[in-house]
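These are the structures in question, set out in turn.
Below are two complexes that have chain A in common, paired first with chain B and then with chain C.
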Partner chain A sequence: MEHGSFTDNSAATFSLTDEDHTIANAVRFTLNQDPRVTFCGYSIPHPSEARVNIRVQTTGDPAREVLKDACQNLMLMCRHVRSTFDKAVEDFRASNAVKAMKIDSQDSSGDDSEESE
Partner chain B sequence: MAEGVGEEKKKFSIWDLPDVPMGQLPPYLELQRSRVSCNKDAPIHIESIQYSGAYASMGIDNSSQLDRFSNNFRVEVVRLNEDDMEFDMIGIDAAIANSFRRILIAELPTMAIEKVLIANITSIIQDKVLAHRLGLVPIRVDPRLFDYLSGLIHFFVDGLSEFMEFTPRALGNSLLLSLSIVKNDQPNEKNTIVFKLHVQCKRDSLRITVKSNALKWLPNGSELVKETRNAASDSSSKPETYTYFGCSQETIPEFVKNPIIPKYPDIIIAKLGPGLEIELEAHAVKGIGKTHAKWSPVATAWYRMLTRIDCNYIEDDLAEELKSKCPVNVFDIEVLGKGRRRETVARPRASTLCRKCIRGDDWEKRVALRRVKDHFIFTIESTGALPPEVLFTEAMKILEDKTRDNRALMMLLIWLVRMREAMDSLLIQGDFLAS
Partner chain C sequence: MEGASYQRFPRVKIRELKDDYAKFELHDTDASMANALRRVMIAEVPTIAIDLVEIEVNSSVLNDEFIAHRLGLIPLTSQRAMSMRFSRDCDACDGDGQCEFCSVEFHLRAKCISDQTLDVTSNDLYSSDHTVVPVDFTDYAGYESSEQRGIIIVKLRRGQELRLRAIARKGIGKDHAKWSPAATVTFMYEPEIHINEDMMDTLTLEEKQSFVDSSPTRVFDIDPNTQQVVVVDPEAYTYDDEVLKKAEAMGKPGLVEIYAKEDSFIFTIESTGVVKASQLVLNAIEILKQKLDAVRLSEDTVEADDQFGELGAHMRGG
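Coming up: the complex of A and B.
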């Protein structure tokens, strides 16, 4: 699972099974953003086998801690994206409902005062 | 050296000079970092510069802290229908956007017909071809209400990640999940939907077309009786069928008013000539697109980056020429005073990047065609099981779950290493004490 030196914790290769580019590329992105990382990359040894090797080299912190933090950051990013998306869909629906109401009231009153966003 | 270059009349400090402000890249580097330049021959600067220390020598931090990401990230919905949606994600990187796209296509579960039990087909269409076509018919049902059939792998991974937290609740959950593995081994009302197709074409009538609205939902389970070896057993009780429904699916509240039917009633499944018949039963189960494309919940999902076109100070005749060049009418003419006309970019979103505007002599110097690296225009077309905004939310949940599982594994690893180190130190102490 983790292939690295016993004495030097700062560089290791993590072999994840049942994973592919979906998660490996995302984790590699968040790893790159961490300032403690000097090198990170992933490879897929064979396309028929669902296995990903993620290589992490850091400036001294244990590599597994850095990977754990990167996963944590990715999770928080996902959560933020989800909440922003839900809010945007709600806003869109609300503004569409307002527009529909405005069109109805336009027919009756014949006066267009505000502009909806 | 920081003193102002002072004359008596005009004192100004060198910090007032319009230089690169601290903490920002010079404009040409900022262009490289944030835009793909689509030149006539090929695009350049396509890789997003992710490394946190990429501009370290200039003293600029390229790492994106979570709060900076949260402040800059925006989503704008452009179009939202029952079956498709288009929205913009601004401030995200291509790696994450691609992960969402991959999950939407391959890892969101849906229900699709997997097993077809054929009682009688005299039609000319082959059994396997008919079964394949039935598998591809999209079914209008929420897959979150169902479990996987004998989903050993899925339940195990979920249970394992909770088990890592080492709380009694987690251990209890994993036990429950292992029990449900046993329960879901057989097709029952929690993991199977049964459809029946029985069409006959009379001898004297014309050819008929079997469409997907001929699939009838059987909420009580399979009606085909299994052949049992011992005729003596269970002759009085209910005969054994191919599914083991404990209760009718109609009693589940979501299905009381809306029966389960194929999403589109006019998909042609087969054609029958006079005197031919099809009688079969189809069982639909939950699966993901990775196993087979019939379980993919989207017709397709794709994204593109926003095009940004810079055409500065193109006037008069050149402006007319540029406007007529574009096949999708991206450009527009703005009338300035004194009869001068200037080119503006009116509809950059419509640009298909056909590069007609930079073809010809010298046009490449006047028009700069670029793409914004962190502005993604996502389009999702759903096949009907779930509305597209729900699909995207579920995709994000799945990415979150995957990272949580990975993080749980990392935490287990860290714990194991700490245990080993503690044991090693105990052994060393023991040796020390012994000696």
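Coming up: the complex of A and C.
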């Protein structure tokens, strides 16, 4: 839900239902990275109600577009974290497999950090 | 096309990875992102847990709802959870939420016929889907007894019986803690410790030793060869300022300087066993993307009003 003015759409407050700090703080951070944004912040009107108000003021671009771009950037970041994490897991498992083979060849007795995969 | 944004892309480095434990570093991102990941891992990654229990016979010492509560808390392997539907969204069943697409059925039959106490455990729960079973906590590394350990649900005496049918559904930690897949998820800022070597040289060996001992966790140590104070484990530092207070008490403020790197985090994740720790992180990222999609694509109803009404009153601090 967007509360804004018909004449000036560079400033608006977005009211998101069923959301909390999890997404609001992350979106606020990404909005701050955007140079078109002059002000952004979020508030939670009442802790018992799952609603977040995100306020965005820009240098002229429509606030809705800027918010959508911020969500898009955040999704790109998530995608990047995911692929980086996947790759890091593979590298870790590969290097551990090499270590395990070396330990086996030295005939160690019981490695307590053994992974049961 | 947006203007150039100052977005950086995070890096991940894994320290330790076991089935239910993961420790990794996340660099070049903000605390809000790390916290979002942590919150999603605890409260919004879906798992499967028993949600409805129909008790046919219960002559044990625990009452029905007690047993139903305990059954709900039993961790069930939830690899299927991400692809399953919520019962309330399922259109295949008649609305009772018990069809094969949105739920898993369990049954348990136990009767004590011997004089010995019978332990009814999670191993006695039989599932209709072999991919959703109570988590097996058998410790393969060095457990003497060969018996299968399971979570004890109730103990029965001779003649007592328990017969029930349970339905397990998909849910998230926000609704009830039984659906939370994470035992603990923590992250800390990576510390950067600088020792002022010139000031350190003015201390005697005893003073150095007492300085090293003043830290509750073993962050510093004295190198036996050079008799210098060295940092042995920077991440053991828990951001208590004991060493700084000790340095001041010795009359040498600035002996060490400890900063928290603001864009470097060390995550420690322990899963309950329902999903692997690495899978938990991936699911969390997936859920975060879904939430962002929902925000991005929601149909905005523009309510134009310069005053903003009561919404604006709150934003103005009213």
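Quick notes on this one:
The criterion applied here is as follows: the second predicted complex is superposed on the first by the 105 of 117 C-alpha atoms of A that agree within 3 Å, B and C clash if a C-alpha of one lies under 4 Å from a C-alpha of the other, contacts with A are read in each partner's own complex, and residues count from 1 in each chain.
Everything that follows uses one rule, which is that a residue touches a chain if its C-beta (ideal position, glycine included) is under 8 Å from a C-beta of that chain, and two chains touch if they have at least 3 such contacts.
This is a predicted model, so every value here is computed, not measured.
One of chain B and chain C touches more residues of chain A, and that partner is C. In the superposed model, A:S43 lies in contact with chain C only, and not with chain B.
Within the superposed three-chain model, A:N25 lies in touch with chain B and with chain C [touch as defined at top]. By the touch criterion defined above, A:G4 reaches chain C but does not reach chain B. By the touch criterion stated above, A:R55 is placed in contact with chain C alone, chain B being left untouched. When both complexes are aligned on chain A by C-alpha atoms, chain A residues 1-2, 16, 19, 21-23, 25-29, 33-35, 64, 67-68, 71-82, 84-86, 88-89, 91-93, 96 touch chain B in the first and chain C in the second. The touching residues of chain A, counted against chain C in their complex, run 1-6, 13-16, 19-23, 25-30, 33-36, 43, 45, 53, 55, 64, 66-69, 71-82, 84-86, 88-89, 91-93, 96, 110, 112-117.
On chain C, the positions that touch chain A within their shared complex are 2-7, 9-14, 16-19, 24, 26, 29-30, 32-33, 35-36, 39-40, 43-44, 140-142, 278, 281-282, 285-286, 288-289, 291-293, 295-296, 300-306, 308-309, 311-312, 314-315.
Here chain B touches chain A in the complex through residues 50-53, 61, 63-64, 66, 69-70, 73-77, 80, 87, 89, 92-93, 95-96, 98-99, 102-103, 106-107, 153, 157, 389, 392-393, 396-397, 399-400, 402-404, 406-407, 409-411, 413-414, 417, going by the rule given at the top.
Taken in their complex, chain A has these residues touching chain B: 1-2, 16, 18-19, 21-23, 25-29, 32-35, 37-38, 62, 64-65, 67-68, 71-82, 84-89, 91-93, 96.
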